[in-house]
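Have a look at this one.
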Amino acid sequence: MTGTMRNIALFALVGVLILLTGVLQSWNSALLILNMGLVSAMMAIGVNLQWGFAGLFNVGVMGFVALGGLATVLVSMPPVHAAWRAGGLGILAAVALGAGTIVLTIFLFRRMQPGWLRAVVLIAVLIAGFFAYRAVFDPAVAAIERINPAGTGYLGGLGLPILLAWPVGGLLAAGAAWIIGKTALGLRSDYLAIATLGIAEIIIAVMKNEDWLSRGVKNVIGLPRPVPYEIMLQRDPVFVERAAALGLDPVTGSTLFVKANYSILLLVVLLVLLWLAQMALKSPWGRMMRAIRDNETAAEAMGKDVTGRHLQIFILGSVVCGIAGAIMTTLDGQLVPTTYQPLRYTFLIWVMVIVGGSGNNFGAVLGGMLVWFLWVQVEPMGALLMKGITAGMTDGSALKSHLLEATAHMRLLTMGIVMLVVLRFSPRGLIPEK
Amino acid sequence: MIKVKDLHKHFGGFHAVDGANLEIAEGSITGLIGPNGAGKTTLFNVIAGVLEPTAGRVTMAGKDITGLPPHELFHKGLLRTFQIAHEFSSMTCRENLMMVPGNQSGERLWNTWFGRRRIANEERALRAKADEVLEFLTIEHLADHRAGQVSGGQKKLLELGRTMMVDARIVFLDEVGAGVNRTLLNTIADAIIRLNKERQYTFVVIEHDMDFIGRLCDPVICMAEGRVLAEGTLAEIKANEQVIEAYLGTGLKNKVNT
Amino acid sequence: EEVKMGVALGFTGPLESLSPPMANGAELAAKEISDSGKFMDGSTVTTIRADTTCIDASAATAAAERLVTSDRVAGIMGAMCSGATGAVLQNVAIPNGVVMISPSATSPALSTVEDNGYFFRTAPSDARQGVIMAENILDRGIETVAITYTNNDYGKGLADSFAEAYAEKGGTVTINTAHEDGKADYSAEIGSLSSAGGDALVVVGYVDQGGKGIVRAALDSGAFETFVFPDGMISEVLESDFGDEIEGSFGQKPGNESDGLGMFVKLAEEAGFDGNEIFAPESYDAMALMLLAMHSAGSTKADDYKGKIMDIANAPGEKILPGELGKALEILSDGGEVDYQGASAVEFIDPGESAGNYIEMEMKDGKLVTIGVR
Amino acid sequence: MSGNAYQDDRGNKDRSITKAGGPGSAEGAMRKGKAVPAPGGPFLIGENMTGGYGKGPNILEACTIAVDKGEIAVIVGPNGAGKSTAMKAVFGMLDLREGSVRLDGEDITALSPQARVVKGMGFVPQTSNIFTSLTVEENLEMGAFIRRDDFSETMEQILDLFPILREKRRQAAGELSGGQRQQVAVGRALMTKPKVLMLDEPTAGVSPIVMDELFDRIIEVARTGIPILMVEQNARQALEIADKGYVLVQGMNAYSGTGKDLLADPEVRKSFLGG
Amino acid sequence: MDLLNAIVALSNFVLVPAIAYGSQLALGALGVTLIYGILRFSNFAHGDTMAFGTMATILFTWWFQSLGISFGPLPTALLALPLGILGCMAIVLLTDRGIYRFYREQKAKPVILVIVSMGVMFIMNGLVRVIIGPDDQNFADGDRFIITAREFREMTGLREGLALKSTQGITVITAVIVVALLFWFLNRTRTGKSMRAYSDNEDLALLSGINPERVVMITWLIVAALATVAGVLYGLDKSFKPFVYFQLLLPIFASAIVGGLGSPVGAIAGGFIIAFSEVTITYAWKKVLTYLLPEAWQPDGLVQLMSTDYKFAVSFVILLIVLLVKPTGLFKGKSV
């Protein structure tokens, strides 16, 4: 079998798996898995850009994904006017003060001669800035959070269409990536691991604790959607009629319709991202990146600005993760900061990239879809396996009931086994880099 | 061309380069010899921006280049090869050459999406140039081989080839000859001489093989213990007592058993 | 006929240790009703578990989607964490028109969701518990407290409502700070709590998560000796793990004088699990409520029975405690009314949230004893 | 590169999750065979060796290399001819597809490299031939890993031979200059007190004075009866002291003879010795 | 007196817990660093290996307890520890034989092993939960305290108490012993040196007559022992819960990286840096300052740099700063 044939077959396999879900379970489940698979594929592309093309080890994927999520709230939720009146100005002033302090510090750092005087002045500026900032910031926050804490208690967003939040999510992620890159890239790669981990923790901590921004752990629920609501469709006689014509009851019809809308939207975004990534990869730019990856010292000696390129691709990858994060939050319809956990948003995404084949965009897409499918479907598979194991045991034996209790944990076990099997037989991933 | 003034490089308490002063004339092929551990490679690394000097200045054509990063030095026309070949092993030999020129428009991300025609033209020119260089080095048959899979000597040729893809002004060669077959080494020497003659590259060559040095270099600088010990033509150096004692030695003591 | 019910909890992930007893509680209720033979003309009830992970709202949605569209469950007992609950509610339950009763999600944000009457929760409301806890503490003459809460909607909501009530009634909160569940070390938290001081430490957390770690570290370093526990902390574990180390500490949890919880614990013991585990009683109640409502409506269609849930949970009618589900079925069949109390003294207020009574408990001689009802 | 997907890590170059340098490339480490008596023949011979890396093409084609007690055998040839590969094959770091290796009357083809060390073979590879993170002294100690007797005397001899090493004995070997490392590498091999010594380009990158010292020492060692097999690009000097010379081209024996013969052969001179 | 009070308060809430936590992290990081240094990959399964070893120890502890065996004032778990270590060694060797060995034979690149270790992580993760369940297990018995805060106050008459838990004492003592043993082993013994040599250059190690499989096996054995000891000490001090052990992976890796991956000294230093930065940065200095400052100057706020909500964030910022100031890593490049 030639390479292309093999790849087509692999994608077909994923397609068949999803179709099977549709036939055996339900078409709603199938479409849902497809949609989330598409989002996962985007995240995998983002990580693949960083890891597969540049060897940048990003442990903080969850942070960028979370920033994307934050963007949905900031863009799409209606503004809370009372909160703006109460503390909006204060917050803006505080942010300006904070930014000003940092700019001043950097300015002084550049302008003054190194020495103890500079250190003292810098520290003084920072401390004074910090206190001034807190003095303006704290009362404003308190004022905002006092306004209907159970319902709002935050500034709200801009009330714009949520589709706008997708690029904005990318922008926020780009900003964070730029800061990390400026401080940590160009030094040893271990820094990047720590820095990304750290910044992700910081982003999540901010999202959990700054209630004025996005309600913190009180979550924002009921984000607007770019597609119609099922309930509306179910009440719309025209739609109900059309559904009936297709032999669907209104509930199934509406849920399928909504999911299909998402599928199309996501597919478009994914294809655009994929096209951009592929074009970049196959150009002199991609060649330069490969050269840098192969041998940084030599690339540097050949006039390539290794740090600059790393920064660029690190930002690009993060942007993709941010966009995917925004899309995912849109799909969920809510922002819940406590869900951003490394197991799901760092380890699992890597698994996708590696199983798919790092260094290959199509591999990343395949890995994203396939691993997502497994992540969701190993649960029933694990249960089945456990049933098989315990089938021969006498009913009511302690071991049997203990094992049945543990069924849920077969999920991770099965995931691990699948991974090891793939790695055993296809160590460079299912669609390896050429 | 290059002037090194009172350069120091210390590792902890150890003074690898300890006040080196030297000057490299434009258009020359200067040999740099010296016992193991004399600080030659370290001096190279400092000039090429890989290491920060502890003290001292390096100037190139009158401009201070101390502490500039390697990629900026590259754009100033300072190139180097490595003692151990640093090829881009997963790329083909041709790609190894094509990636060298700076400021390719295809290296800008924007152009890869919206400037494809321009890139295509540029690529064609680059490819032609790369093939030309490969031919010059007599390895045109390796154009589509992965660079990681060619032999050690061929990698060294490739290293040299990269310096030919752009208009270099000065090229530093760190032990091109070590481990290279003598016949091949002659080819390399010819290439160097041609580059020097035809393109007016300046070369600085570290080497322990006196035949090779003799073929190529004038003048020769001998370093020892981080400082310049002697300078002059090879003949002068060979006659220098200190150099003989520290570096050249007097030949085999044990004669071959009969 | 076979009625399928979904049990959607976070079986893997950060709160995985809370899930099994909750699922057991819910399944106990289902079994009781099924075994009684009186449910909807002898229909049987089977339960299907689904893992909502607590870290992955999307996986939760997918699992719930499978429950609803593939297994065709008549109702969902769940979900557990607010994240999963919100996602499942908005993306699965409401669009498909399925009733969902969460035993543990307390996020105030959930109250604002346009739920079309499909969503209920048996977990008590933070606001009310906050007030009761404040009274409880002040009545004992404790005027300054430090608060630490688990950093999620439950902890934050309850801590804030408590702090507000407490300050209003004249108490002083020295510090109100979060702790994360499932972390390795709580010394830092204890350091600042102790530095801030206070006569007691209010631990708004989960007893087998960070809450326990906090209590342990506070005791070990001698930072606090008296603790106040809201519902998430009141559990057998306090006795087995701390015993008389926390003598005199107290707290409250939903319940009333009719010892519903006691009966539930006994039932649970027979079934082989610990009924004192947090949220297990609420899970039992959630499941029982849905099934009773179906029976009352004579239909497993959500639109038919969702309206009945309020009626079942609230007065008037005969009070129903755990183990009496058969009796309830009978009464309903006969056209009577029930006031379901269950294991956690369920009382629903609009929009489908619990507002029951609380029982006050205290550690005496290493045992948790009931002091009274508030 | 052998086309083995497991060894291909393109795209995954980050240092913070794997240690730089990568695993070894020697193949025979897990070999579990035994030595079989096979009397006769020269002291060490790799006969008719055919093989390549992993599943890759043959690098060696029926290549034969032998050395006897007290002899110095030198292998020369163009870059990439397979000289180092032949050395590795003799040392068992390559799975031979055909041919055999015999040492001192025993067939050792099935032995793992570490077992060959125990049999008395010493080898200095061409590249990465020192433990960079260990001190110079520890490097030498590692050379004596299989020795159970007191090796301090040997250590003294080696430090006398390479005085610079005595000076730097407590320094990490990775901080030494190219030529200094080469001296450590040879010293490490000598620590084994080997019965046969194999050197892959021992003089690459060392200064003329040290090179002369090294050759002197090699001759001395050979005179004590230890056969020496070495690869040299410094071919003229090496062939001058060689009893036997092999010219390898594309993995095959192209010429062989005494060192003098080869030096005198104009064809060999022109193609391989640089005229 | 006030000075003493301040010192005691600081020790009680910062120094003692941070030292204990630091030791636990250090032991974990040592394991990670050894695998990295010798087998050349980051072992993501380490947290779950710790969980497995601890689980084995707990099972043996229960067994001992049911037999009525106890260890006097010390926790029974210490008696069970050797058995737990053996159990952990068994599973680790099993995974090595069954999984890693194949890749070694293939000369797989280390990065593949990293990913394999992730697979192993998932499997061990499931295994531990299937065997002992996801619940919290408290298995500490024996005397809890060397001295309680109250006893300390009564003894010294100070207002502040200093509590020393026996588990803290055991942790620190065990950690010191284990680290000392490990260093002695690596630097002084022939086998230890051969491990370092193998870590440096596998091929050359072969040429020195070192048997690689033996080195690999010994490494895994040591790592299993370290992981079990670290896990049991942690579990004794806090409690055992599989998910927390998985979570421990991140601070452990942070420790190892800060110290310089591959360097045992670095791992230890890193463990303490992480522990101290977590505990000190968010400490509210009010109490200490109240003792130290004259009446008029006493703070009314908490004097806390950051609220504890940000403790992880802050500790990571500290790490970054440490790394920026010391760009070669704390102990990178120095072997042991």
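By written order: A, B, C, D and E. Residues from 1 in each chain.
Throughout what follows, a residue touches a chain if its C-beta (ideal position, glycine included) is under 8 Å from a C-beta of that chain, and two chains touch if they have at least 3 such contacts.
Listed by chain with UniProt protein names: A, E = Branched-chain amino acid ABC transporter permease; B, D = ABC transporter ATP-binding protein.
Keep in mind that what you see is a predicted model, and the values were worked out from it rather than measured.
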item: Contact-graph separation of chain B and chain D, given in steps at minimum; value: 1
item: Co-neighbours of chain D and chain C - touch as defined; value: A, E
item: Centroid comparison with chain B (C-alpha atoms), farthest chain; value: C
item: Most distant chain from chain D, judged by the mean position of its C-alpha atoms; value: C
item: CA centroid of chain D to CA centroid of chain E, Å; value: 43
item: Separation of mean Cα positions, chain C and chain B [Å, integer]; value: 74
item: Centroid spacing, where centroids are CA-atom means, of chain A and chain D in whole angstrom; value: 52
item: CA centroid of chain A to CA centroid of chain C, Å; value: 31
item: Sequence positions of chain D contacting 2 or more other chains; value: 6, 8, 10, 12, 14, 16-17
item: Of all residues in chain E, the ones touching two or more other chains; value: 103, 106, 108, 112, 129, 133-134, 257, 261, 307, 309, 312
item: For chain C, residues contacting two or more additional chains; value: 12-14, 16, 19-20, 151, 178
item: Every chain pair in contact, whichever chains are involved; value: A-B, A-C, A-D, A-E, B-D, C-E, D-E
item: Chain A residues touching chain D - in the complex, by the definition given at the top; value: 51-53, 55-57, 188-190, 192-193, 293-294, 358-359, 426-428, 432-433
item: Touching residues (chain side chain D, partner chain E) in the complex; value: 4, 6-9, 12, 14, 16-19, 21-27, 29-30, 54, 91, 93, 112-114, 117-118, 122-123, 125, 128-134, 138, 141-143, 145-146, 172, 188-189, 192
item: Contact set on chain C toward chain E in their complex; value: 12-14, 16-17, 19-20, 151, 175, 177-180, 182-185, 187-192, 194-197, 208, 212-213, 216-217, 220-223, 237, 240-241
item: Chain B-facing residues of chain A, complex; value: 276, 279-280, 283-288, 290-291, 294-295, 297-306, 312, 316
item: In the complex, chain A residues that touch chain E; value: 183-184, 187-188, 190-191, 193-195, 197-199, 201-202, 205-206, 208-209, 342-343, 347, 350-351, 354, 403, 405-406, 409-417, 419-420, 423-424, 427
